[in-house]
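Chain naming follows the written order as A, B, C, D and E, and within any one chain the residues start at number 1.
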């Protein structure tokens, strides 16, 4: 029994639209194809028609989860183009928000992994504790998700003593909870049974397919832009690159939880050593004509922006490669010969945020059946066949 | 591997008060710096259009009603605004401000517009002019 | 008098009226408990403490537009929910409640009703299978095959686990089994292992986490129910609730000594014992994550079935000892 | 009496379907956050449903992208009557910062009728609750 | 190992193939080669210098030509190889044999800039939305988008 299942674009496992078609044999996946483009908005083109300032907010909205990573990556690049240097305190706050974002993102992921595995209580507890980070971020920046704290030349909001104290207090709560989750997530038998050995990616494959972030590190490759290519103040802050060598979803979970602890340490260090001084410098409106490659370690892996200026108020070219896109090729590899039940988990394990990857319209494979023609994606056809519910608006009447 | 590792935590919380807030019956406090919707103090606006230029979402629209009287109309489209507060940072005179409301859901998009008709003010920009950059 | 009693039995308690109201209550109880275990409130603002929530859901679904997919097998698609509801309600009538004398424990009681009840509880599984299959949606079809695959996993352990107390009591009649254990309460302990196995199997039968595989939202959308809407979905939900009550009542009868004490005390007994069983089921639901369908089968054959056999052996041994 | 019962049951049990039509994620996680212990919309009988067949309220986040256009309309049609649409976030209302991008149609009200607009970028979970309450008041 | 050593090694290993090599900032190296030498350069970089990680490929429309940048990275440096191809014959070789993970980026190039990537393992045209008209490449500078008018439903205020 061989049949194809479309997953998405509207699918409860994916909070974002994506078309994933898997060919299954019973419960085993033989073939997997991705269809992106549901979320493609045309940001790279749009960026060319917006000013340097407006683009900060556009970059922020490439993705809602690592919004700070895109703005930081962009702003760092632009600062280099404009030949200015953000003041130390600004950089510290920028790094602080980056690490808080990493915590929020990893906790979010941990909850989602629980949810995908049908472990709803775990999801609920993790997300309950995630609200603590959200509160911190809201207090620092004035919004729960789009912090808008970066600006060209520094950051927009300062911290005061009370906030610092609050953050440190909340952090100790979070650290305790994270220990509990680490303990729980790796001991609850039904959960571990779902994670261990699933979505295996060998070290060689991970390197060949250019995977990034925790996906790569869980395959035993210690690659982290924060260490390899330090930006902001990462060259001053002590931390370790976390790896695992199992290469499966469990490994990715462990890497993420370990990174949480690293982030707590980094934040404590940052807050204890916060320098005084201004938080931003004035920036010119136009950079010189130049180009720059800016890299950033987002919660999901390496984020890279290539920015080219032409001396005007608007960029000449702004190329964004968000981490999720870098992991798709590896995902297809991981899906093969897995179980249907594992699709959401494997998929979630790279922590996909489709919105960022979609800036690069990539269709890994739009058709599966040979006979199907690409022009109307086969997915669409299939969906129509399956639920050909024509407009039949009936009067709603009481049934009795 | 522990069977039922989660049970103690679950049972502990059964007796505890839930983490749920009683919204909407009890209003929530937003933090002091929360970015709600922007609004204008028309008596301070010198119509420099810095806010309109820097707004990433085309949410601010300034039209000139009458050149002779220096009459202008500003519309803030709350349905487009992304609450980034860049306009507040950009405004040289402090005419643009932001409040902390977030419960402004409406049935009609037209109700989400805010509009001011006013005469251009003559005020000196606060201390140093800061065009697009941050307040330090 | 006998006719009145029969009518009351059929339509009021434990017949249709009671079972419907009580099963909506149990759904609320289950949801609320689940939410409280997760440190949430759960339904709160529908009636007192949200107690009317399942009823509101039911009526809302009843009043919604009802869509039958064009490619579905229409007759079967529409008949199944009512059919399933009828089956589980019938099963409820076999549970010995109310007038608890061995001579006439319930109006429908006969030697071997245990087997009939188990059989009636197996039917809903086939209803789900057919429901999924007849809607021809891909997700439903996968859900349907998963329903069947799972059936092979848990059915045998459930039967074995429920049979062991019956063997010890030397009867196939629910009322007699319950009476037997009420006279010798300490013998209930012998069946402890069987109780645990039966709880797990019932959890699987009711398709609740960790066995909610056939309608795993994150994998195959709504699974068997993907295409159901409106009234039919309402009936299906009600059917699941009734099945929950019946299954927990069965476990309470067989393992916890039934519901003695005439009408009022019996009712109280019934409510307390079923709620205890449902509490355990909810706790299992909250503590575990969904497992894969292959893991269900291997789990039940590797652990559940051997343990059930072990339970049988224990029972036979004990039986030899006490006789 | 019956209409009253129907109305009451509808007010008390709005099941939602969450649909991302090209959002940046932030609105989505905030909508999901509304389910979690802090905000717990199940208090009002709100359940997040997986299929449009079971849903009463569609919460749309994100500007309608060209690719999602047909799917959005189809999902809207698949939802049984009576159905309501909430446009959550600046994107779903008007297109937000993506206005003018070639692959963005704009607010979802360009494609399907919308009952409530919720400003915010992203919408706060409490704003979502507020919107649902407003929607129910309108019924 | 630092940038200077790497540049020396590049000069040694590639000799006259280098059209230009720059080191504008620490840990950033830009190397320009002709399209014909692209594959050799990348295999030198991968096999002899151990740069296995391709971050991404950027394409820029320069007007008369397209510039393609391959951003590689390893543990200490971000190495960018750039090449230029003429606008009237926008074709370049696929590097998927060397770097399997490049497939997505090459298809993106095909889609967004209309470049012709030769020997790409998955040559199907890259689609934007399903109904995207052929021959439109959004990232070309001469491609403009006409915004449709927005109709706001609801009463006028």
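The criterion applied here is as follows: a contact is a pair of C-beta atoms (placed from the backbone, for glycine too) under 8 Å apart; a residue touches a chain by one contact, two chains touch by 3 or more.
Everything numeric here is computed off the predicted structure, so don't read it as measured data.
S.K.: Return the chains shared as contacts by chain A and chain C, ordered by label.
M.R.: Correct list: B, D.
S.K.: Expressed in steps between touching chains, what is the minimal separation of chain A and chain B?
M.R.: 1
S.K.: Count the C-beta contact pairs for A-E and for B-C, then tell me which is higher.
M.R.: More contacting C-beta pairs are found at A-E.
S.K.: Find me the chain with the mean Cα position closest to the mean of all the protein Cα atoms on display.
M.R.: A
S.K.: Measuring centre to centre with C-alpha atoms, which chain is farthest from chain C?
M.R.: The most remote chain is E.
S.K.: Taking each chain's centre as the mean of its CA atoms, how far is chain C from chain E in angstrom?
M.R.: Their C-alpha centroids are separated by 61 Å.
S.K.: If you average the CA atoms of chain D and of chain E, how many Å lie between those two points?
M.R.: 39
S.K.: What is the distance in Å between the mean C-alpha positions of chain A and chain D?
M.R.: Spacing between the chain centres: roughly 23 Å.
S.K.: Counting only residues that touch at least 2 other chains, which ones in chain B make the list?
M.R.: Expected reply: 6, 10, 18-20, 56-57, 82-84, 107-109.
S.K.: In chain D, which residues are in touch with two or more of the other chains?
M.R.: Residue numbers touching two or more other chains: 6, 36-38, 40, 43, 50, 65, 67, 78, 81-82, 94, 96-97, 99-103, 107, 109, 121, 124.
S.K.: Among the residues of chain C, pick out those that touch two or more other chains and give their numbers.
M.R.: 35, 37-41, 62-65, 67, 217, 221, 227, 286-287
S.K.: What does chain A use to touch chain E in their complex?
M.R.: So the residues of chain A touching chain E come out as 37, 40, 42, 44-45, 80, 207-212, 223, 227-229, 290, 292-293, 295, 302, 304, 306, 308, 316-317, 319, 321, 325-326, 328-330, 360-366, 374-377, 380.
S.K.: Can you list the chain D residues touching chain B in their complex?
M.R.: Residues of chain D touching chain B: 37-40, 43, 90, 93-97, 99-100, 107, 109, 115-121, 124, 126-127, 129-131, 133-134, 138.
S.K.: Considering the complex alone, what residue numbers of chain D touch chain E?
M.R.: So the residues of chain D in touch with chain E come to 65-67, 69, 94, 99-103, 105-107, 109-110, 113-114.
S.K.: Inside the complex, what are the residues of chain A that reach chain C?
M.R.: Residues 3-6, 11-13, 24, 26-27, 114-122, 124-125, 128, 188, 190-191, 193-194, 339-344, 382, 385-390, 392-394, 396, 398-399 of chain A touch chain C in their complex.
S.K.: Show me the residue ranges of chain C that touch chain D in the complex, using the header's touch definition.
M.R.: These residues of chain C touch chain D: 31, 35, 38-46, 50, 52-53, 55-60, 62-67, 217, 221-222, 225-230, 233.
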